[in-house]
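What follows is a set of structures to go through.
Across the two complexes that follow, subunit A remains constant while its partner is subunit B and subsequently subunit C.
And then the complex of A and B:
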């Protein structure tokens, strides 16, 4: 591919904005100036599907109605560990209205059925004329269990002699959105798997002993976090219509491609015989990358019945079986010199993703601060509980909760403002700006821990995060212009709810000199070109450059046709406000619509795929590190008599490259902060250790935050141009969620002068920390 | 949820003729042929969704004429019809002015949406929110089983007093305030006879019978709540502490009603919610307050006295300082 050189804006406006020359592919457009000088990109553009969503005309997966459609329900194990001796479906099959029954079987020798490894594991399913009938039929299935000992508690599971979840090695976690942090599950003994001792940032570095010997202060602590379920508003589920020529799948998914590939592989079908559609999506937070077990079940029932099958999970199933953020027992030993310089970080962590893997938390301690000596050992602990899944910045939220409190504690030991300490040890230029602007907006004025007086004590805290900027090159977009002047953008990418559909319209509109509402965006369907799943905050940085590039190519094709009419060269043409104009001669112009009407073909189209980052990747497989920073500040008040904590306000200072849509970015940050507050104070999966059941598998006693729990959220958004692609934009979904819980924990400590080493912080744990509980 | 028949009751007599069981009976030993009452349905539907009750017939009492009125008698006592919603009580000016603690308890119950549906009768008759009771997978004492799973399990929300058998706490925080005003439950039986039962006698402790939380039988229905008249000198305050402020079940709530002569308390009611399997009058606290000039130190004494008999479980000792804090605060809000 021929390349050319272009000058790009580079740096942070108001701080160090300059220019940089990049070599870019010839078929990609010249650099955009900074957002100030653009018309559509970087503005507060209303979501293009807002009206459909608020009026209810948007059809989500559970709304799909197909002719002859059946409703399905799955039978789930009600014991946590057992061999299945028999499953008798005869009564269910005879139940009036039942059209198909399917039982999951095992390929293993010696057992017909898969062993039950957690309470809630799906065993069988029924498709019937109505959901009521399906539920009644499921209740008629008789299962004979041979129950076995089980273990729920993480630390109990780590002990020698604990009941084993797996006797044999297990494969890598498949449902993750995280990259490069899990081991393959084959190492380890008992219920332990691991350790993971490296990430894409490398492995251990330096000499720990040397590092600790150079330290003036050494902190040695253990931080604990709970299991946190995803609770998307829309549960997991599919509607599957398996016809001889094609399996059509309507899925609530954050990866149309992932569901297609998963079902194609499960049923050994060619990829071109599986079509996955997700036009509207009610949230996933990392748990909806695959077809799960409900996908194959619905497909089997559709195949058996010859009818479309609707299978959406209920809230209880969602909590129990469709993913969670693993807990963490996170040990950190950190050495520092008097001036704050970190000399050594030793990390060890255990966590349980239930019957799955993916509980590592080490990357943030490895990469956030400058420290020459580092080592990590991260273990997965298998327990008889529902499988974990990627959860908005997998591993980093737990990791930051520990690390950012540890840094706070070191600041305390050194009697320094924790913000000043971070200035010393944090190499990131963007976080320097985030700290400055965030602190100013928050009104940060450090006060010693526990210095507030009275019953209600206020405190402030700060925490930081980093998130790698992943790029997925399998990101393709088509842009079509029709002769009536309309424009259509097509990609298989789904909109998890963050506004992907809208930013695609924006970048194409900007390139074509149109308005965002002029662009129709068709996504969420695998008949369109492939694009990545909505995980790793990848999508914005992956899909918007090819969208712009495809629009640019379409525009070039149009210029080629228009130039002779205007008696000029294509390179002399430009677009603005719906007009094609000569760059120098204002009299030579034609409206885009007129130009399109005179085309030789009814449409012109082009497609483009994501190219390598301009300037090259920092890691060979599509990763640039250290770009997505955040610094969050929290103010809390603690009632020292009731133990009640209220997060009063959060200032969230964030960067995400070139911001594309300010309203949508603020939405992401609001959501991330709210989930972070909830993680710090409210949500927690409660398991009964003696019976193996989840006790709060609902949204009544699984405590989500409502209006009064939500703090004032002040967002400081920093534009940062790094000249990496034609849009230079990155995602912000995950970064928004990482620092909050740690900032809140630091603020609680600052308020009461006692640190809690575990979340959620509840009246019970606060009163205990304040020594008010005799037990 | 099972499929069921819907019967729209036209009168109390009609309703009583149709029902043949109580929700409590059905949870403990299902007949398969049950007809049970539904008023607002906020509790019954949750129980049905979990499969804990599968009534064949639902007898809807929500449209029975005359059951949805708040009336004051000549002696200034108040009768709240059983079908009056919590939202309607919350908005009632006379109740707010005379029975502040009740207004506060109602206003802090559930959510605005639920208060629009939930009735006072249903609130009194609702079942505990103990998560073992609410789980189809745990046949606990309250469901006719022989184990209290919470006793050695997850009991952070559970009882710190009277917790010798079942350790659940009653879900009605409105009852905490009603009991403090010496309210009585008006119950009508199949013969159309009405009786008034003091709140303390309405609730059944699990030691007597764990499978029910109140004295209601299948041939009885709550038709209203009677509130004795209160003079201007009767002051009250209610505080509920949930893990969240927007919406949550109480982890500790208290209603204090005091007859005040100047700053002297001549009679007191201190009722604790979420402390025991039933709303619980704290006579030690009441005795501490009665006859005293109420001050901060007396409030501390009363709060301490209220917790003297607390016997916390493995995870809920935090409730003791929490109760002490809100009892002190409620007393001091009055004086």
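And then the complex of A and C:
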């Protein structure tokens, strides 16, 4: 492809802003200046769906009503481990109002039914004229179980002789990867799988023994985190209408493409026979990338009944079966010299994602600080509990909770301000600026742990995070301009509530010299071009460059038609404030609306897909250069008589490349911080080890913060230009959530002078730490 | 054309980690595997396959009883 050279802004305004030359494809637009010279991008533009949301006219999946629609409910296993001998649906089928019944069966050569491996595993479903009738009918289904021993507790599951989740060995490997012999003596026949010893950042480095021998201080600690469920306001679910020519799926999903492709595979359908629509979405946080079990069930019931089927999960189902953040038992041994230089980091972790994998503690100990000697061993522990799922910065939140407390402890051992220690060991330029500006805004003035007096003790803490810049190249956008002056953006990408619709309008409006409200954005539908799922903070960096590039291409088409009318060349035209004008002759101009009205065709359009980053990627699959850093500061009050902790305020200093919409970024950070506070102090899945059931599968006993428990949140946003794409923008979903719990934990320690090594930090655990109740 | 040395993953395998989703059989680009990768089977809609075994790229390959190739 032909390329040209362009000069881009590069660096951090107010710190090291300069310019850099990049080679870019000829069909992509010139560099934008920094945000203060732009009209729409980087501004506090109101969400283009705000009115629909606040007036209730926005239709979420659970609001979908179709003619003849049935309501479905699933039957779930009430034991945690069993073989199923029979499932009798005859009474349910005869129940008045029932229109279809479906039982999940296995087409494998063994049993007719899959084994039950956790309480809550879906077994069957009913579609009926009403939800109440469906519930009644589900209760009439009779299941005969042959129950088997089970294990819920993570450390019990690790022991030799524990009931097995998988009878076949789970540790065997075939691809030459990094899974070694497990350390429980089971050689892969137990519940322990691992260790994973590498990530895309590489594997172990240096010489740990040498590193520890060089250390003046060595910290050796274990940090524990709980299982944390997602609790989106809108539960998982679908409405499916399977007609002979097409299956139409209304889904609460983070990936329209993922649901389409999953259902097409399940039913051996061509992809173009499955259409997935998600116009509005009520939160996901990582757990809504697939059709789940409810998708195939609703589709089967729709096929059997010939009618649309509504199947939304209730809150209990959401807690027990649709994902969670795995727990962690996270061991860190860290050596440091007197000047703070880290000499060695040895990490070992165990965690359970129930019957699933994915319970590691991420890459944060591997990549956040300079340390020449590093190794990690991360183990999955299989238990008879509901499966884990991606959860806002998978693994790295657990990892940061351990690492960032360990760094705090080393600062304590060295009698150093923890912020000063981080300045010494953190190589990131952007986090240097985040620390400086964040500390100033917070008013950071370090005081020794436990130095506050009185019953209510105040403390301050800081923690950091890193998150990579991921780019998904399967990201396409189409821009259309119509002869009536309207402009439309189309893509399959979904807006999970973060404001994707609005930033697409802003980017296209900026390129076309229009206002954001002039742009209609149609997304969340697989009839439009494919785009990535909303995960990994990937969407903004993946979808906004092709949106701008498509707008640029369609603008060039319009210029080609307008130029003869203005007796000039297309290259001499530009746009601003709804006008097309000559760059040098102010008398030659035409309004965009008039230009479109005079087109030879009723519409012009262009589409663009995400191109490689300018200057290439760190790794070709889409790992971009750079970092999405954060530094968060917390102030807490601890009542030493009752044990109650109040997070008074958080200063969250963040960077995400070129900010596109300040208000929406602040919303994302607010959400991440609130979830982090809740993780640190409140939320925890409680399992009954004797029955295998979750005991707090609701939003009452599964404690979440009330409005008054949410801290004041001060956001410091740092622009950082790296000149890697036509928008130079990235997401912020993950980074907003990673550091909060660690910052709060460090602040609690600073307040009371006693460190808790486990979250949630409840009143009971605070009082235990203070020796005010019996251990 | 030289035949790929990558394992032939089952068409029903799905795996997701922070940088994307792997679709078994079609485009298995998401290697190396990581400690935060979630795997599931489209056919059984869960972390255990139709044969009750663990779903994982190591496991969902030719030779497993429930394995289905991407192209018959």
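Here is the rule we go by: the second predicted complex is superposed on the first by the 749 of 775 C-alpha atoms of A that agree within 3 Å, B and C clash if a C-alpha of one lies under 4 Å from a C-alpha of the other, contacts with A are read in each partner's own complex, and residues count from 1 in each chain.
Heads up, the rule we're going with is that a contact is a pair of C-beta atoms (placed from the backbone, for glycine too) under 8 Å apart; a residue touches a chain by one contact, two chains touch by 3 or more.
These figures come from a predicted structure and were not determined experimentally.
Peer 1: Looking at the superposed three-chain arrangement on subunit A, would you call subunit B and subunit C a clash or a fit?
Peer 2: fit
Peer 1: Now for A:199: first (subunit B), second (subunit C), both, or neither, which partner does it touch?
Peer 2: Touch partner of A:199: subunit C, not subunit B.
Peer 1: With the two complexes superposed on chain A, say which partner A:642 touches: subunit B (first), subunit C (second), both, or neither.
Peer 2: first
Peer 1: Looking at A:219, would you say it contacts subunit B, subunit C, both, or neither? Reply first, second, both or neither.
Peer 2: After superposition on chain A, A:219 lies in contact with neither partner.
Peer 1: Once the structures are superposed on A, label A:362 by its partner contacts, choosing first (subunit B), second (subunit C), both or neither.
Peer 2: Only subunit C is touched by A:362; subunit B is not.
Peer 1: Per the overlay, which chain contacts more subunit A residues, subunit B or subunit C?
Peer 2: Of subunit B and subunit C, more residues of subunit A lie in contact with C.
Peer 1: Using the superposition on chain A described above, determine whether A:101 touches subunit B (first), subunit C (second), both, or neither.
Peer 2: neither
Peer 1: So, A:701: does it touch subunit B (first), subunit C (second), both, or neither?
Peer 2: After superposing on A, A:701 lies in contact with subunit B but is clear of subunit C.
Peer 1: Looking at the overlay, does A:686 come into contact with subunit B only (first), subunit C only (second), both, or neither?
Peer 2: first
Peer 1: Please state the minimum Cα-Cα separation between subunit B and subunit C in the superposed model, rounded to the nearest whole Å.
Peer 2: Across the overlay, subunit B reaches subunit C at a minimum of 23 Å between C-alpha atoms.
Peer 1: Which subunit A residues lie in the overlap of the subunit B contact set and the subunit C contact set?
Peer 2: None.
Peer 1: Within the complex, which stretch of subunit A touches subunit B?
Peer 2: Answer in residue numbers: 78, 119, 132, 135-136, 639, 641-644, 646, 682, 686-691, 693, 695-696, 700-701, 703, 705-709, 762-765, 767-768, 772-775.
Peer 1: Which bits of subunit B are touching subunit A when the two form their complex?
Peer 2: The contact residues of subunit B facing subunit A are 1-3, 46, 111, 129, 131-132, 135, 137-138, 149, 152-154, 156, 241, 243-249, 251, 312, 315-318, 320-322, 325-326, 328-329.
Peer 1: What residues on subunit A touch subunit C, complex-wise?
Peer 2: Per the stated touch rule, the residues are 104, 106-111, 114-115, 117, 121-122, 166-168, 170, 172-175, 177-179, 193-194, 196, 198-200, 255, 258, 261-262, 265-266, 289-293, 295-296, 353-362, 378, 380, 382, 387-390, 393-396, 468, 470, 472, 532-533, 535-536, 538, 621-623, 734.
Peer 1: Of all residues in subunit C, which touch subunit A in the complex?
Peer 2: It comes out as residues 7, 11-12, 14, 16-21, 23, 29-40, 42-54, 56-59, 61, 65-66.
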